[in-house]
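These notes are about the structure you will find just below.
Note that the chains take the letters A, B and C in the order they are written out, and that residue 1 is the start of every chain.
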Amino acid sequence: MSAEMERPVAGPNYAAAARDAVLAGVIALGVFGPLIGFKTEQNMNNQLVVENRWGIVIVIVAIVVIGRFLLKAFVFPALVTRKANAGPASTDESFFKRNFKTIGLAFLLLYPVIIVSMLGYQQSIKWVDNFGIQILIYVMLGWGLNIVVGLAGLLDLGYVAFYAVGAYSYALLSSHFGFSFWLLLPLSGILAAMWGVILGFPVLRLRGDYLAIVTLAFGEIIRLVLINWREVTNGSAGISSIPKVDIFGWITFNVADPTYIGKILDLPPSSAYYKIFLYYLILALALFTAFVTLRLRRLPIGRAWEALREDEVACRSLGINTTNTKLTAFALGAMFGGFAGSFFAARQGFVSPESFVFLESAVIVAIVVLGGMGSMVGVAIAAAAMIGGTEILRELSFLKAVFGPEFNPDQFRMLIFGLAMVTIMVWKPRGFVGNREPTAFLHEKKSVSGSLVQEGHG
Amino acid sequence: MASVALALLIVMVVSMVLTSLMSWTIERVAYRPLRGSFRLAPLISAIGMSIVLSNFVQVAQGPRNKPVPPMVTDTIVLMERNGFAVTLSYKQIIIMVVTAVLLAGFWYVVQKTPLGRAQRACEQDRKMAALLGVNVDRTISLTFVMGAALAAVAGTLFLMYYGVVNFSDGFVPGVKAFTAAVLGGIGSLPGAVLGGLLIGLIETFWSGYFSIDYKDVAAFSILAIVLIFMPQGILGRPEVEKV
Amino acid sequence: MAEMIPSWETNPILSVEHVTMRFGGLVAVNDLSFKAGRGDITALIGPNGAGKTTVFNCITGFYKPTQGMLHLRHADGKPFLLERMPDFKISAKAKVARTFQNIRLFSGMTLLENLLVAQHNPLMIASGMTVLGVLGFAGYKKAEKHSIERAEYWLNKIGLYDRADDPAGDLPYGAQRRLEIARAMCTEPELLCLDEPAAGLNPRESGELNELLLGIRRDENTSLLLIEHDMSVVMEISDHVVVLEYGTKISDGKPEAVRNDPRVIAAYLGVDDEEVEQVEQALDVVTEEAQQ
């Protein structure tokens, strides 16, 4: 299991590899044997009965042994040689890499068009909704949290609370008072930011693990209140039939309305229009988040956030009010979470506390860290990889043909998601984009290597 | 009775061994490569690992609850009046005794043995400990093993007490354990005990006198309030900011 | 000459009055009073553990003194009671800047960014507390241009103009020290406090540092207060020396007067040999210079 190299070996050392492989096999037997080898099932009398499944265990152990042998005998020595032979990294980047942002943006703008032209309106719904909108929501949440975690260096494990505040603000105010989305979008952002300040003010003196656990606690408190304050939030059952968004009242997406988009544009009724509209709406919101964040980074407040992440004591010695600086980061991050939340409520038409569990916060933090703290492009890539990846796993029902009808690929979704988190971190501890782009330059813009950038103590 | 106790003991020991092995493997695969790197990388790796573990159990053992027939049923009646009895069940006694014994043992290991000294040294300054000849990797591995073994005991006791277990049952106790450790003050063993007791008492009394719905809210709120006034937890060492 | 009232008594920028700082049972600073003159370079010296950095931390607000007053007066006569102000306000309002014994740069940010962060407060106002800046108002652009000019001025002064776009963490040690001073100067302080600026510098860098400090005193309307172990720096550039031992003041006066104070010599002889040698060497250097 050890990844370190004792000494550079010339050829494959089969004896050592074999020894290692046997050891790995023994460990794998211990780790997987009991939990997979025995399965407890409830029978008709509610008694637990043990089933044996040693066949699967043998397969797994064999995979571990062979895999370990191959790694030790061939892959690790090859990596060492490659490292030794690696010349200076080539400086000219490919066309694709240089223009990544432009290409990415163009793709995002054209995505629904491409999908519709390839699959038609009805078939496009799944791809626009499950992939496009779903990923973009997480991109936006990641970019919002990036302000708090990536720039200001404050670890917030309860970010989903602000997402929930935004979602419930829209759900409650639109169902009870009939306010339009365009009024409630800014309002939910403001409400979430207000909660950010209320929660942030007392906790921002805390650092490290203490800040992390208190933000986690606040996230849980908000969720538990949503569950238990049944008179207002309808408890675990949630709030349903939340009104759809319309285009400023001119065009709507309800088939019955005289202003229905299909009637205006003379198209057959389809729910795809609404999905495409939502896609562009969340794309606009996400790009707005990106635009504001990029602007802020070049303003004194953004530089103060990053300075705070680098060294808080030095910040105070330079006259920066660290409490206010942290609070603005917290409030702005919360505001974007609130925007995303109200969009989420409008898209689902239904909200319940189920959507705002700690796992969501963890996923958003993971997206920020996996992307590379502070990097907008990295966060977007991480969101696409993690969320898109898990959505693709839903599409693997053809595996049933291979493993039999009992096999349910969906249950491996979160397992693979977790494994991917671990693998990416071990592979790239600084995330996909580890370098930092400076916010001002005199002669030429050079990105700062990730190893110099601090991660903050908050 | 003796056979039940023996069975319980065997289950506990076997689960401790298996969990330790698992924890050792996880430390080796998911945490050791990240040691000394970026602070958030191990955190994300840990969250990923916790998702993996609970979903692994779900895949391997199925998503349904696993009920176990009650093993220990006897109770001691402490007081009885007007038909209401104050009782203490054997399983509660077992939990208390096991906890006390393990706490004492654990305290002894951390305070009195060379391993404990190495652990405390690594907590203070890993690089210096390594320079003085402490095998940091081994110490951390053993610490993970110890932690996992204790968690295994807690899991066994949980199953014995509640009689039903589910793949997702680990999350809430995990968060509560973290909460208790932070509330008591990270790095303080008595603090962790105090934190755990406080969380438990707050929840019980809140459920008893106010509303059972809001017991977790109460626990988390008190955690937040305590940390606002005592940022190092109740018994934690105050962090001196060297300028 | 001994009869003359020294300038720091008549026109002090900072008066430290009966300051005591206790940490639990430990008395780090005991009833300390001294004055730092306007336009002077005042050196605070003393053996290790004498409480010098504690005094600094009290002046810059990182510690609140247990007792006593810290009185600062700007050139325009505006008074400040530093012991009543939070640390960031001491820098922002009272215009006291500082450096740190263990350099605290923003290592992942470029030199230019480091110097721009130091101009946070004026830039914050220029950006309309961020709101106008986000909307792209022209006023902020002008203010930022001005800040960059100021940063360029200081980069030239410390001889690091060419490295403006490199991360601060990549600089060699001596350059980091100079950058930290430049960063502190970008806050346009009335009083600049330097915590062992010459520590770890080689003789050439130490010489450059002296130039820089003398330049600051000459051109910038900034008074300097420094903690120093390097006696050659102290004796060469300071106008006024205050000596601490075990948290109390044992000598206070012009460098030459302090140098001959028997209590100072005893205090330094009482500590380890290395520092005695330093004192002796410094004495030799200064006497030789005087003879020439």
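Here is the rule we use: contacts are C-beta pairs under 8 Å (C-beta built on N, C-alpha and C of every residue); 3 or more make two chains touch, one makes a residue touch a chain.
Since we're looking at a predicted model, the values are computed, not measured.
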Notebook entry, point to check: Of all the chains, which has the CA centre nearest the overall CA centre?
Noted result: A
Checklist line | Chain located farthest away, centre of chain B as origin (C-alpha) | finding: C
Check: Once you find the CA centre of chain A and the CA centre of chain C, what distance in Å lies between them?
Finding: 46
Notebook entry, point to check: Centre to centre, by mean C-alpha position, how many angstrom separate chain A and chain B?
Noted result: 28
Next item on the list: Note the residues in chain A that touch 2 or more other chains, in rising order.
Entry: 313
Checklist line | Interface hub residues of chain B, defined as touching at least two other chains | finding: 241, 243
Notebook entry, point to check: So which bits of chain C are touching at least two other chains?
Noted result: 62, 100
Checklist line | Complex contacts: residues of chain C adjacent to chain A | finding: 60, 62, 87-89, 91-93, 97-98, 100, 104-110, 112-113, 116-121, 123-124, 127, 130, 133-134, 136, 140, 144, 148, 152, 155, 161-162, 164-167, 169-170, 183-184, 187
Item checked: In the complex with chain B, residue positions of chain A that touch it -> 1-3, 27, 30-31, 34-36, 39-42, 46-48, 149, 155, 202-203, 205-207, 209-210, 212-214, 216-218, 220-221, 224-225, 227-228, 313, 358-359, 362, 365-366, 369-370, 373, 411-412, 414-415, 417-422, 425-426, 429-430, 455
Check: Where on chain B does chain A make contact in their complex?
Finding: 18, 21-22, 25, 28-30, 33-34, 37-45, 47-53, 55-64, 66-69, 171, 175, 178-179, 182, 186, 211, 213-214, 216-217, 220-221, 223-224, 227-228, 231-233, 239, 241, 243
Margin query: Could you list, by residue number, the parts of chain A that touch chain C in their complex?
Written below: 292, 295-296, 299-301, 303-304, 306-307, 310-311, 313-322, 328, 436, 438-446, 448-449, 452-454
